[in-house]
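Have a look at the structure that comes next, please.
Going by the order they are written in, the chains are A, B and C; count residues from 1 in each one.
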Amino acid sequence: MGVGIKVEHLNAWFGKTQALYDISIDVPANHATAVIGPSGCGKSTFVRCLNRMHETIPDARATGKVRMGELDVYNGTAAVQIRRRIGMVFQKANPFPTMSIYDNVAAGLKLNGFHDRKRLDEIVERSLKLSALWDEVKDTLRKKSGASLSGGQQQRLCIARALAVEPEVLLMDEPCSALDPISTGKIEELIFQLKENFTIVIVTHNMQQASRVAEFTGFFLLGKLIEFDKTEKIFTTPSDKRTEDYITGRFG
Amino acid sequence: MAKTAGQTGQFAIAPVSLWRRGMNSLVTLAAGAAVVAVLVPLGAIFVYLIYKGVGAINWAFLTQIPKPVGEAGGGMANAIAGSGYILAIASIMGVPIGIGAGIYLAEYGRNRFGDLIRFTADVLNGVPSIVVGIVAYGIVVIGQGHFSALAGGVALAIMMIPTITRTTEEMLLLVPNAVKEAAYGLGVSRWRTTLSITLRTATSGVITGVMLAFARVAGETAPLLFTAFGNQYWNWKVSQPTAALSLQIYTYAISPFDEWHRQAWAGALILIVLIVVSVSAVRIVAGRGMLKGAN
Amino acid sequence: MTGPQPVAKPEVVSGSKAGGGPLIRAGTSLIPDRIFYAAVLSCGLCVLGLVGVIVYQLVTKSALSWHAFGWKFFFRGDWDPVSEQFGAWPFVYGTLVSSLLALMLAVPLAIGVAVFITEMCPRWLKGALAFTTELLAAIPSVIYGLWAIFVMVPLLREYVEPLLGRYFGWTGLFEGTPYGIGMLAAGIILAIMVVPIVSSITREVMTAVPQQQREAVLALGATRWEMIRTGVLRNARAGILGGVILGLGRALGETMAVTMVIGNRPEIARSLFAPGYTMASVIANEFSEATSDTYLSALVEVGLALFLVTIVVNIMAQLLVWSVTRGMPARSHG
């Protein structure tokens, strides 16, 4: 079962520029939560603060409290440990170019010192099945490189890679924006399935996608969280006028 | 009232003056002549190397050590081996430090201090090789009391380090950020990501840089003149003077003996073949590996 | 269409059952991170340290000579190991003259080659030509010297120098017996060695000039040469100058090839046919035979001067090249 994430008063900066203002949000466990908003509203930054990827950028910092279950993400735990429990899938698929498909999926485990061959085989197979890529690659696991797959396949490979370390939460930063509609559809189906066992936060600029896959949605604008509620409510009877303007396409 | 162009017909397609066209052709010719003037010595050098060198290369040359002055025959086996030996010593010191410094610059050095190191490396590249020889002499030879392969290795290592540092940094920076982020996102630590992901992806490029430094340093004579010093016999001791191919070529070339002149050409041919092979191998490896690795 | 298989749903073992999956025991890696940082930092510091070591060695080992002769060391002409009198002026003179001669010959050729390759060359020839000029840079100095002694010098002695002496002897530059060996030989072989550097930098800065500049000039109806002159060379001026100065730096420090053909006599003569001596050559020839401490120290002082001059020249060159290519990481030259 996944865990939920509780965010309290999160602020984030890039150098002197503030990108997030006092975000407080409760991401529920075992559901998919969508994060929507126009370009530059801070949705990627928000999600990257959840697994402390934000701090890999020079001069970036964040304050506030983020709790995952009983764990305090910022205080008392090393970033590397957090990132093994909160996985991430990026906008553009980034498989490791020098590794085979097998090695790509196993990378998160191997690089962290886990080398049990038998269990690795099991985990790789299971992760690829979870991300609906197994049938397409099971014969060429070790022969083909991760980079030789198509765009949609690469992204599913990245999802398998993220799932292999068995995180409790999966963050997805616009995972389908570089993909064709068919691949997008496959990945959306995936999210549907994964919800049962993981907590998913998905950043998307595609409102239809948000309404398709997510039970909850948060609307961000200029670094602030404007509204967070059941997806149905956000898209039919939003409480805030700005949300309504965005939904109806008046801007963004 | 001003006349317009159409009225006077003056500006209808005016022919480019003869002078200008002439200049253009002349310059093209001059540039072409420059190319020829530069290629001629290059061609001449290779032609003579082959013409004079091939005849003197035989099995004896490659397997024997020099014979005493006046006697015919003998070879440069010890010099060829000695060069390899000194290069190996130089690499043990120079390659790790060079790659390490390159990693530092790429991963942690995007700041003023890193700029200082970069600048210093570029400056070091310009130090005359004879001066490097003096420095190695001061550090090693004076302490040991005699010339040695180690001293030669130190001198060559000093020359390798700046080159390897800069090329390693360049290659590491070519690795796309997305690949590093993927590793961080999996909770992989900084050092593991740098070594197993970044360096691994840039491997062929880094090796290219190392081989380039090799090729550059393999033919150096000046820094070995009073460090490795040369040796008529076989030597595998790190602390004793050692023969080197470039040194041997020099000694033989300026000697008054025809036999030695012949052997100097042979040695030069071998040296240039080794260098051309490594430079070409570098281009092939770079062409292939980069596309595969850093995509 | 392959999608999530409805049949074989894998058993999902997710996080919080074990509290973090198979990596539950993996550590924080803070200490290894620090060790790694320290290791690569010390490598970086080594690079800085190297300059320090070089300066330290040169300064301390030349102190003896410095105290004995002072500034005048570089302006005296008497280099006499026997009586322990050392004046380095002939070497300074020889270095300057041979380098300047080399530049005078090399720069027009190098720029010509660069212009040809970048602007005039048919596409299929470009790669081959560029490769061959870079090949010139890869030839070791001692091989240039070998070729110079046995091929170039006889040519100079038999044909070139008598010709120069006959028609240009009135300038005073081409007087005396043509031995072949001498300042002229040194200048020529140096020029051949310096062309690749100047040419490759010139090519680099010429390529860095944006295409729009060329098109702007062409659109005004210029011939190709005029386009090159005003659209490219003019913009790349600073960089080309940088390349020339870099070539100068290389020429100043060049040892083996020069030593083999310059004659190695500490004399100053107006004629280019006469033998000479350069700073690098005297060190190469006499260092291992230096009998006294003062002798050695004098040679080291020559080395120190050579070091300082080449450093200054190289720094100027780097700055000039950077100003055109905007500080792209330098590729290893030669």
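FYI, a contact is a pair of C-beta atoms (placed from the backbone, for glycine too) under 8 Å apart; a residue touches a chain by one contact, two chains touch by 3 or more.
Not measured: the values here are computed from a predicted model.
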Farthest chain relative to subunit C (centres taken as mean CA coordinates): A
Innermost chain, taking as reference the mean of every protein Cα atom displayed: B
Euclidean distance of C-alpha centroids - subunit A vs subunit B, Å: 47
Intercentroid distance (Cα basis), subunit C paired with subunit A, Å: 52
Separation of subunit B from subunit C, taking each centre as the mean of its C-alpha atoms, in whole Å: 12
Residue list for subunit B, restricted to those that touch at least two other chains: 187, 189, 192
Set of subunit C residues in contact with two or more other chains: 23, 26, 29
Two or more partner chains touched - positions in subunit A: 80-81, 84-85, 108, 112, 165
Residue ranges of subunit B in contact with subunit A within the complex: 110, 176, 178-179, 181-189, 192-193, 196-197, 200-201, 203, 292-295
Contacting residues of subunit C [partner subunit A, same complex]: 2-5, 8, 10-17, 20-23, 26, 28-30
Contacting residues of subunit A [partner subunit B, same complex]: 51, 53, 56, 58, 80-85, 87-88, 90, 92, 94-98, 107-108, 111-112, 145, 147, 158, 161-162, 165
Residue numbers on subunit B that touch subunit C, as the complex places them: 16, 20-21, 23-24, 27-28, 30-35, 37-39, 41-42, 44-45, 48-49, 52, 96-101, 103-105, 107-109, 114, 116-135, 137-139, 158, 161-163, 165-167, 169-170, 173, 187, 189-192, 194-195, 209, 212-213, 215-216, 218-222, 225-226, 229, 246, 249-250, 253-254, 261, 264-265, 268, 271-272, 275-276, 279, 283
Subunit C-touching residues of subunit A, taken from the complex the two chains share: 1-3, 69, 78, 80-81, 84-85, 108-109, 112-114, 116, 119, 123, 125-126, 129-130, 132, 135-136, 165-168, 186, 189-190, 193, 196-198
